[in-house]
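Working notes, structure below.
Chain IDs A, B, C and D follow the sequence of writing; residue 1 opens each chain.
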């Protein structure tokens, strides 16, 4: 009975007893979720347009952040460093298209997946070789990102909103809106959607797949850079972030590999879910459950909806 | 098709070259081979790089200034472990045939795997203030050294300090102490002692484990801290865990002067974090370059481009930690030369040398590091010294020493050590009794 | 010109169904076994044994396991590392609880514990497919790894959470513990790998292997032919995890010799083994060996081989270059031959068979 | 229940008022017909008439919302495909569903899976009972290979075979199950005249030599009318007509809806 009480009732009592902490937990989960969603977003873009399960998205986040800070440390002014980093991400997209995707076109999914492992290794080595392996401080001030926190007194306590977290949420929203506009309104965006629906059909109306791939990978690179800046500002830019980037995977299975809204909603569910879980239920089993809770939440969802939250129901045909 | 065959050819040549590894070259006889296991890559590189530079530069400086130790050059060799046990073992196997006089694993994980091998291979393991705490017992672990203090000593010193802060150890009763730790071997080791002290002194212990993959995602741990409001926070962290924890602590407005860490954070981990002023940590050696030996390093090594370290990093906390490690290496070798009368010593000699380390004020002065650290004397029974350390505080730009040396609590630590050493022998069935004779010193 | 099957007629089905129907292949296998069992332990350096051969054998075993699941049955798993861990901890518990039973027996038995856990985490595979399943297996990876730290019973309440490998003997010779010679450990491991490879080959050539492949190639058709999908997939998880478990136990007891175990079975390990399987060749046992050789030896060879060849590289730079090179080689091999090194090997044999004619 | 209990000419399988829909789309509406032991039964109809869905219902792959299936006297509404297979229903597929990574021999051998029982232990050793069994079934499979005249491609991976041969291998795989009821989904689609003649010959031979009951979907009316004993016609998921080829040909509904339209 005692166990049942601790699992089923006590956490909710705690939530009620300290509502400010509850709000804080939700907010922290929300921000973490936004960042997971951003990583997942870059992934979804690539999966939609080129069918590649891009394992390298996580390392692209680190690589982009590292390049930015590294260039700044080498003496470039921040705006210039940002520009050059964008250039680097573009070159990266170009190189990936030319060296990896083009020769591997029409290969089975798992081979392309494997190739992105190759990219991951390559980028780890390259990033550390050029910029060194030590964690770096994100140049938040130079990028005009706010620091400090807003404390709101409420519910008999206080809730703290880090300005950088608010900025992260705002930037994420802006970016998602921008991407949506880009997809809906521009010629390239329409072409992208066409490619996502059917490669062959897109080819037949004269859309260049190679161009599309470069654009998509570059877009994913920009998303990675933004994610890298935001996460870097929260902790540090280091290769340790790579493991956190794996959290984008449960987000993806929750939201579906091809759904942008799915990535966002999935990110929020995972982010908030794991924070609540760790905070209220973690202590019951000794803590640290955050490392696997996200995957189990996703697994639970999958058992009921194997196609993800936003995927279409699969009708098997033969 | 031809490109396929090229691929095959490449694979074949790679395989062929792997077989050539059969015979690693033997280092010239007239030198002492000292391999340094370092990690300049991976998630812990931030801590690993300054340490690696410190160790390397000091020994290199001895080579440049004195022509080595006792007139014999030190053959320095770095092996990259990435803080990964598998790579560490690989490094060990690679250096073993070259007759190293000791190994410095620089990872608790690697140390744990090397401890059983040390006595068989006759290569001493020097795990400076990390590794297995129980290996302080020289009679059980003749080949393993972990001076100047164990993690248990570290904990005891922190608790003693928290006691002084609260106005006496007995005042800790009823207080709440939080322990945020790296959820691996190193962070977990102090827990039993911590729990025991909690029971004896009557304080409440709250555990906040940080899983290795979540080092940079600690907001839930710190939210829990905010909920539990511990009177003090104790941290055993490493790598990217440290800066993240400091940032998160600032975020929840945790009073930084109540936040005490074991000796592993460095300047990099805290520099630039607004609000981190007041953070405290344990340390046992000097910082800065105000020592003749460090000046020599700058002049003879760094300025000559023999170091990988940027000049401004020389003298930083973790750099000097590396230097301290190198001093132990050098002292071990020097003592071995003195005892055996040989110039080129081997692993067995250096084991004896390490057991006879006696770094007193005079000796520190003689090696150009006056008052760099407290005295350290090792014996064949005591491979650790259980030396005192002091608390230093971050003033926003640098570390400031704020206490004298704080003695650990041998009466608490020793029984735990004995128990652990006994258990180790039992679990590792067939653990050999010490057969190495003790030197009279 | 020596590689010809001309004149080797099969007069009964048993001969025709042999794993190596061609005489030259059988001679080749004999030679490889002779080198592995006799030449290497007699002449190989310690470094070759400890840092090249033993890791290679452990990883070969693990990749055979994953290949059975991913290559033969078409289920991608990212939890191999954790299943290896289950084997290691099971073996540790078993040998501390029953120290009188021979350690080799426990290494072999510990695989069954891992198989059981594998079946448990394989249950979702009926409903979840492809990459979705791969991500679901990550749940196994992280959950099990968490158990390895959070359940002190597993590591006998050791304060560091380390596995402590005591001294155990086989026929009076030390095979684990500090005093066990490299040669003894190598021979035990090699024997294990040889026997288990033979068993895997038997399984894959028979009814069970065919039903695995049927599920992989066309699961619906397989089901309509009477192959029970759930049973088959779970069996694949069981067999695969068994191999992973034995590999994990062997890794801790015959290679690492104890230490901080949970970190050794982390997510990177799972990825590495998946690399091995894909680079080596999905659905090919020999490919598992190629893949293990490629991924486990390559970094070692680059790190220690290049300096030995006179190319001076400092530790960290070498490490970075190794990463770059391994990444580039993965992509290179995928482009050259997406079906893995095993396919290259086959093509090579085919050429030899035709030689001197191009086709 | 046993094989002998149903005599030639008796009802082997009865479909009783079956309806199937996906979401709101009705694939089959209230269809009933039967298949008698020993006959060749054709199911025809225009594209989208629900023919393949009907086969999927029969072997348990789709679960109809309404209606019953009676096979060998046992009535069921829902069942797993593997159970249907165990009861003696085999089939081929509209788009070849062979195991592409396996050889012809292994593909056909996999049809024997249900008949192989040696335990896991012997499978691991591949000796003793496991090997005996393997050889026994290999002999059976070799007979099928001879029958279908595909000796030359025994060890070729089926992915590399031309379409016509793949269809033949697929038939072989279904035959290896020694089914009581063989469902053929467009066995001659995409074949040239010669291949069609071969396939027709095999179908008739299977029916006469082994006495296997066959239900087939086919678009080639000439083939259907020549081969089959009885024909059922579906349109938009409903049954339009049922009878001998001659009866169906004469049915006005069928002529209007189907045969009248050039196919």
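Convention: a contact is a pair of C-beta atoms (placed from the backbone, for glycine too) under 8 Å apart; a residue touches a chain by one contact, two chains touch by 3 or more.
Worth saying up front: this structure is predicted, and the values here are computed from it rather than measured.
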{"item": "Per Cα centroids, the chain farthest from chain D", "value": "B"}
{"item": "Interface with more contacting C-beta pairs, comparing A-B to B-C", "value": "B-C"}
{"item": "Euclidean distance of C-alpha centroids - chain B vs chain C, Å", "value": "35"}
{"item": "Distance from the mean Cα position of chain D to that of chain C, given in whole angstrom", "value": "41"}
{"item": "Separation of chain A from chain D, taking each centre as the mean of its C-alpha atoms, in whole Å", "value": "49"}
{"item": "For chain D, residues contacting two or more additional chains", "value": "61, 93, 97"}
{"item": "Per-residue multi-chain contacts in chain C, two or more chains", "value": "142, 146, 149, 220-221, 224, 267, 316, 319-320"}
{"item": "Junction residues of chain B - those touching two or more other chains", "value": "40-41, 183, 209, 211-213"}
{"item": "Residues of chain C that touch chain B when the two form their complex", "value": "43-48, 50-52, 55, 96, 99, 142, 146, 149, 156, 158-162, 164-168, 174, 177-179, 255-260, 262-264, 266-267, 293-294, 297-298, 300-301, 303-305, 308-309, 314-316, 318-320, 332-333, 336-337, 341, 344, 347-348"}
{"item": "Residues of chain C touching chain D in the complex", "value": "13-14, 17, 199, 202-203, 205-208, 210-211, 213-214, 216-218, 220-229, 283"}
{"item": "Residue ranges of chain D in contact with chain C within the complex", "value": "59-61, 80-82, 84-86, 90-91, 93, 97-102, 106, 109-114, 116, 118, 120, 123-126, 130-131, 134-135, 138-139, 142, 173, 177"}
{"item": "Touching residues (chain side chain A, partner chain B) in the complex", "value": "14, 18, 21, 24-25, 28, 32, 128, 132-135, 137, 147-149, 160, 162, 231, 234-236, 238-241, 243-244, 246, 274-275, 278-279, 282-283, 286-288, 290-291"}
{"item": "Chain A partner contacts - residues on chain C that touch it in the complex", "value": "76, 124, 127-132, 135-136, 138-139, 141-143, 145-146, 149-150, 220-221, 224, 267, 271, 274-275, 278-279, 282, 316-317, 319-331, 334-335, 338"}
